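In the two assemblies presented below, chain A is common to both, partnered first by chain B and then by chain C.
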Partner chain A sequence: MSRLSSTIDGWRSFDSFAAEGLISGLDPRTIILSALCTVIAMTGAGKGEVMVLLPLAAFPLTLLVLADIPPMWLVKRILPVLPFALMIGLLNPWLEQGTVTLPGGAEISTGWFTLASITLRALISAATALLLIASVGLLNISRGLAGLRVPALFITQLQMLFRYFFVIGEEFQRMERAWRLRSGSRRGRMPLKLAAQLLQNLFLRSLARAGRIHNAMLARGFSGEVPAGAPLHWRLRDTVWLAGWAGFALLCHSNLPMLLGTLLTGQPQ
Partner chain B sequence: MHMSDALISPEVGLSMLAIAGGALALSCRSCSREIRSGENLSQIPLMGVLGAFVFAAQMINFTIPGTGSSGHIAGALLLAVLLGPAAGFIVIASVLLVQALLFADGGLLAYGANLFNMGFIPCFLVYPFLWRPLISPNSSRQRIVTVSLVTGIIAMTAGAFTITVQTVLSGITTLPFFKFLMVIVPIHILIGVGEGLITASVVLFTFSSEGAELFLGPKSKRTGSRRTVVAFAIAAAVLAGMLSWFASSNPDGLEWSVARVESTEEAGQQPAADLLHQKSAELQQSTSLLPDYQLGTPKSTDSTAAGSAISWRTSAAGLIGSALTLTLVLLLAMVLKMRQKRSAVPLARG
Partner chain C sequence: MSHHYLHFNSVSFTYPDGTKALSEVSFEMHHGERIGLIGANGAGKSTLLQLLAGFLVAQSGSIDLGGLKITPSTIAEVRRTLGFVFQDADDQLFMPTVFEDVAFGPANLGVEEPELTPLVMNTLNRTGIAHLAHRPPYHLSGGQKRAAAIATVLASTPSMLVLDEPANALDPMARRRIIEQLRGFTHSQLIASHDLDLVLDLCHRVVVLHEGKVAAVAPPMTVFKNKELLEHCGLLPPLRMQELPPEGPQLKVVEGHHHEAALHHHTAEK
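Right, the complex of A and B next:
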């Protein structure tokens, strides 16, 4: 399946989760802000930190459980994100000169901790972003952003993009499929000249489509404002959810595992 | 290539978010004024459809001529040419946000950095200062292709350069600045060739079918330049305010990395750090699981010892704590889920 086809199918699957689960009862602003708290706490962990990062995986895992999302769905989408972070992280074991003696007596480069930390960061951040959209839904994300005072024109643009990606994407999918069926290429790469020609055609079709959509909008009384939809309501459970995750992120930043571990084992830090 | 949450620090991420967010707010304000006045009502569906066009176009991997690799169009330069810098920036911002959420490309905090690298640079620097002044309605096909090719390469390379700066400033990885630059720039030059040629191809096609005057009127030039100056002023103010504040308490990533390696090798010979840095180091020491690794001060009193030993008990305490934290949160989630399943009426939607 081409990347375009898998994206169109993947996008459809995102919206199928959002309607169900406990998350749908929360204000989208709550989920966006708590995801941001988690990511900021994650990026705030020191270089080479692994233990501080581990508990932060609880946020995406909670979204996964509460939104009833199949774990394999998440794994399939996270894997393509890892190569860039791994490419940057893989050099650290050789570049860093410091060493750490492990409990067994073996001595390893501190770069291995940096690599592990970067990989863990990539996993947590990708899972948080993917599960945020999967559990809340694309249109609810835009409603949440509007509630967070993001400019109305940007929200309208996001909603237009959501709506017309399928129309334009499927049109391009047909063009690409026609090329694929006739080219015999198995590598999925299009010659640059042909890609340019296809995009020229798609662009003209998109312009014509935009003209038709504009006429349809004018016929329905469009005056420059797109209706915002039902207003959002902030409730007590939203406050509890946000305060809980913000507090948790703060505790993780202060090395929560160490605090708990010390409490259980009685070992001073 | 997207900057990743895995490599960015909160200081760099939030600063870039403020700069890119400021530019986005200004662009929205300016475009909204035009749309409300009824002058440019058709802009809204056009922006939406072109956003979908660029999004779909990014899914096509084309062969980079002369190499075995492939790349895809970024689209910001093309959008700036077709819609103007402000509207082009809004559209590419929406595309990058959907990419961050749908493919986890980059991440949430790195969104500002990615918007700056792939949106601000082509729309507010490359287009108004290079592409637009060099192209007029009477420009030849050859000139449009050459200018688009060169500006496409410049936009891509500048984006790769800023990724390198952001990564090194963040200090999450120990990749030296020039080595990283050497890894990342060559491939972006090649992708820039594809970006430039496809931009030229679509622009030429559009100019011939719709007329070049529609896109190259005197207004687009004026609006672009004015907005660039405003965006630059905001970027400079935010950078001066936020980054200098962070810089005062922490050394930058490169200095930090060098200092760490040096301190591992020459413990005890370091000059005293400033008070703020010392306090933050003490705080880090008290909260860090691997304090010796973090600060590069060997546990052993022997200054020639290269490494530092980790206490078994400390590691065990950390591992048990991590497992306990995760288990507690997951148990809570499971309980909530079970309660939800038992309940006949699901929670009302807000």
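Right, the complex of A and C next:
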């Protein structure tokens, strides 16, 4: 199996952790709202903030532990985000004029903090989004969104987009396998011209397949909305969870490390 | 029990590119009957099934199902009555788990908890795949996928099943299980298949399509014994009805091979 094919296979089992772990006992709305609190706290942090962002990594880490997801599973999936984040902030250490004096007395550009902040935001956001789907499951997220009065059209779009990704993936796997079997001595990299032709064919094939899947859905009474399933129940533990994370996000927004420093030393930091 | 039946009345359909797929197709199906739809590739089987499911609309003629004429305005009602099992089970199974896939149809029809879960589990038990309820469909074998696909339509309690190549790409055991299951259902069944042995095993009558027209409607044995008709329609009799050569190739197991049963032509050794 090629690396890309095995990657697609890996993504197919994306929300398979949803049935396991402690997270499955919580109302999906709780997790969505607490993730939202984390994201809001993150976006509210200043441009070069690093210390404010670091504690926010606690949220995805908690999801990881409670949903019993192997850490390497997450690492493999968020690493592709890293080059994009670095690309955005890579020039900041040279472009930014300001300097910061480190405890040892050395001076460095504020751009390094901006770069670290951008990278941290990207990693925490990606980890939160991935772990949200992995630990709660797309179907439960949809139920949660419906419970939060998000328009049905948006929810259906989200579900279809998620499924269409796998339709494309499956079609790609078949085509790639067919090419590999007949590629003779040209093993390894696919020629660019051929890749372009396959891409064109891939979209036609996946469109036809998506049409057949849509027909299968129509044949079973689909009328534009995926049924929400069992009604949701908000319990005390949901309130405790949400209040806890909302409070934590608020503390982080108010620079938790600085507050702790003040609290511990008795002196304003 | 209502007298559900299917009635194709002079149905014609031409694709936008001018390909005439069906021409004046007429036949009837009675409640509880199993009809095999056979014909060579391009005979019009798929078009006929798509018209029945309302994915295509006939340009002339009419299709009645249980006394209801199939039109764009009645199609939602028709689909409540009809359970359509697609040729490729992968097209039919799109939810994250088998349970959710089976629940999809009844949930769309308004079945809610606490009725939904017992209905789904009951259906999975009927098709013998209750133990696969929480497995992702893409992890199943071909036979399991087929059983899951059938479960997805049975859960909506249809009056009639439409099956497109139900034994396609199944191993002999899985094929046998599907045949036994279909035989056990009391639904009216329209089975489109190239597997004429399956049709012979299951169906009360056969509709033979040839170039978009009905070439014959008769019991399977009558059709399969009519060599002239089969030849005209580009078909061959079921394997079990084909005469074996009086001295066909004989096979023997070569001794001494413990890990693989090597079969050699007896004649080749001579």
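One rule holds for everything that comes next: the second predicted complex is superposed on the first by the 196 of 269 C-alpha atoms of A that agree within 3 Å, B and C clash if a C-alpha of one lies under 4 Å from a C-alpha of the other, contacts with A are read in each partner's own complex, and residues count from 1 in each chain.
Simple rule for what comes next: contacts are C-beta pairs under 8 Å (C-beta built on N, C-alpha and C of every residue); 3 or more make two chains touch, one makes a residue touch a chain.
None of the values given here were measured: they were computed from a predicted structure.
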Chain B versus chain C as contact partner of A:Ser34, first or second or both or neither: neither
Touched partner set for A:Leu198, first chain B, second chain C, both or neither: first
Touching partner for A:Leu139 - first (chain B), second (chain C), both, neither: second
Contact breadth on chain A, by residue count: chain C or chain B: B
Chain B versus chain C as contact partner of A:Ser254, first or second or both or neither: first
Partner chain in contact with A:Arg209 - chain B first, chain C second, else both or neither: both
Chain B versus chain C as contact partner of A:Leu102, first or second or both or neither: first
Chain C-contacting residues of chain A that also contact chain B: 138, 163, 209, 213, 217-218, 222-223, 226
Chain A to chain C touching residues, read off their complex: 12-13, 15-16, 18-19, 137-139, 163, 170, 209, 212-213, 215-223, 226-227, 229-231
Contact footprint of chain A on chain C as seen in their complex: 53-55, 76, 79-80, 82, 84, 86, 88, 90-92, 94-96, 100, 103-105, 107-109, 112-113, 116, 134, 136, 138, 152-153, 156
For the chain B and chain A complex, residues of the former touching the latter: 1-2, 4-10, 13-14, 24-25, 28-29, 31-32, 35-36, 38, 41-42, 44-53, 55-57, 59-65, 70, 73, 90-91, 93-95, 97-98, 100-105, 107-110, 167, 171-176, 180, 194, 197-198, 201-202, 205-206, 209-210, 256, 260-261, 264-265, 284, 286-290, 292-294, 296, 306-322, 324-326, 329-330, 332-334, 336-337, 340, 346-350
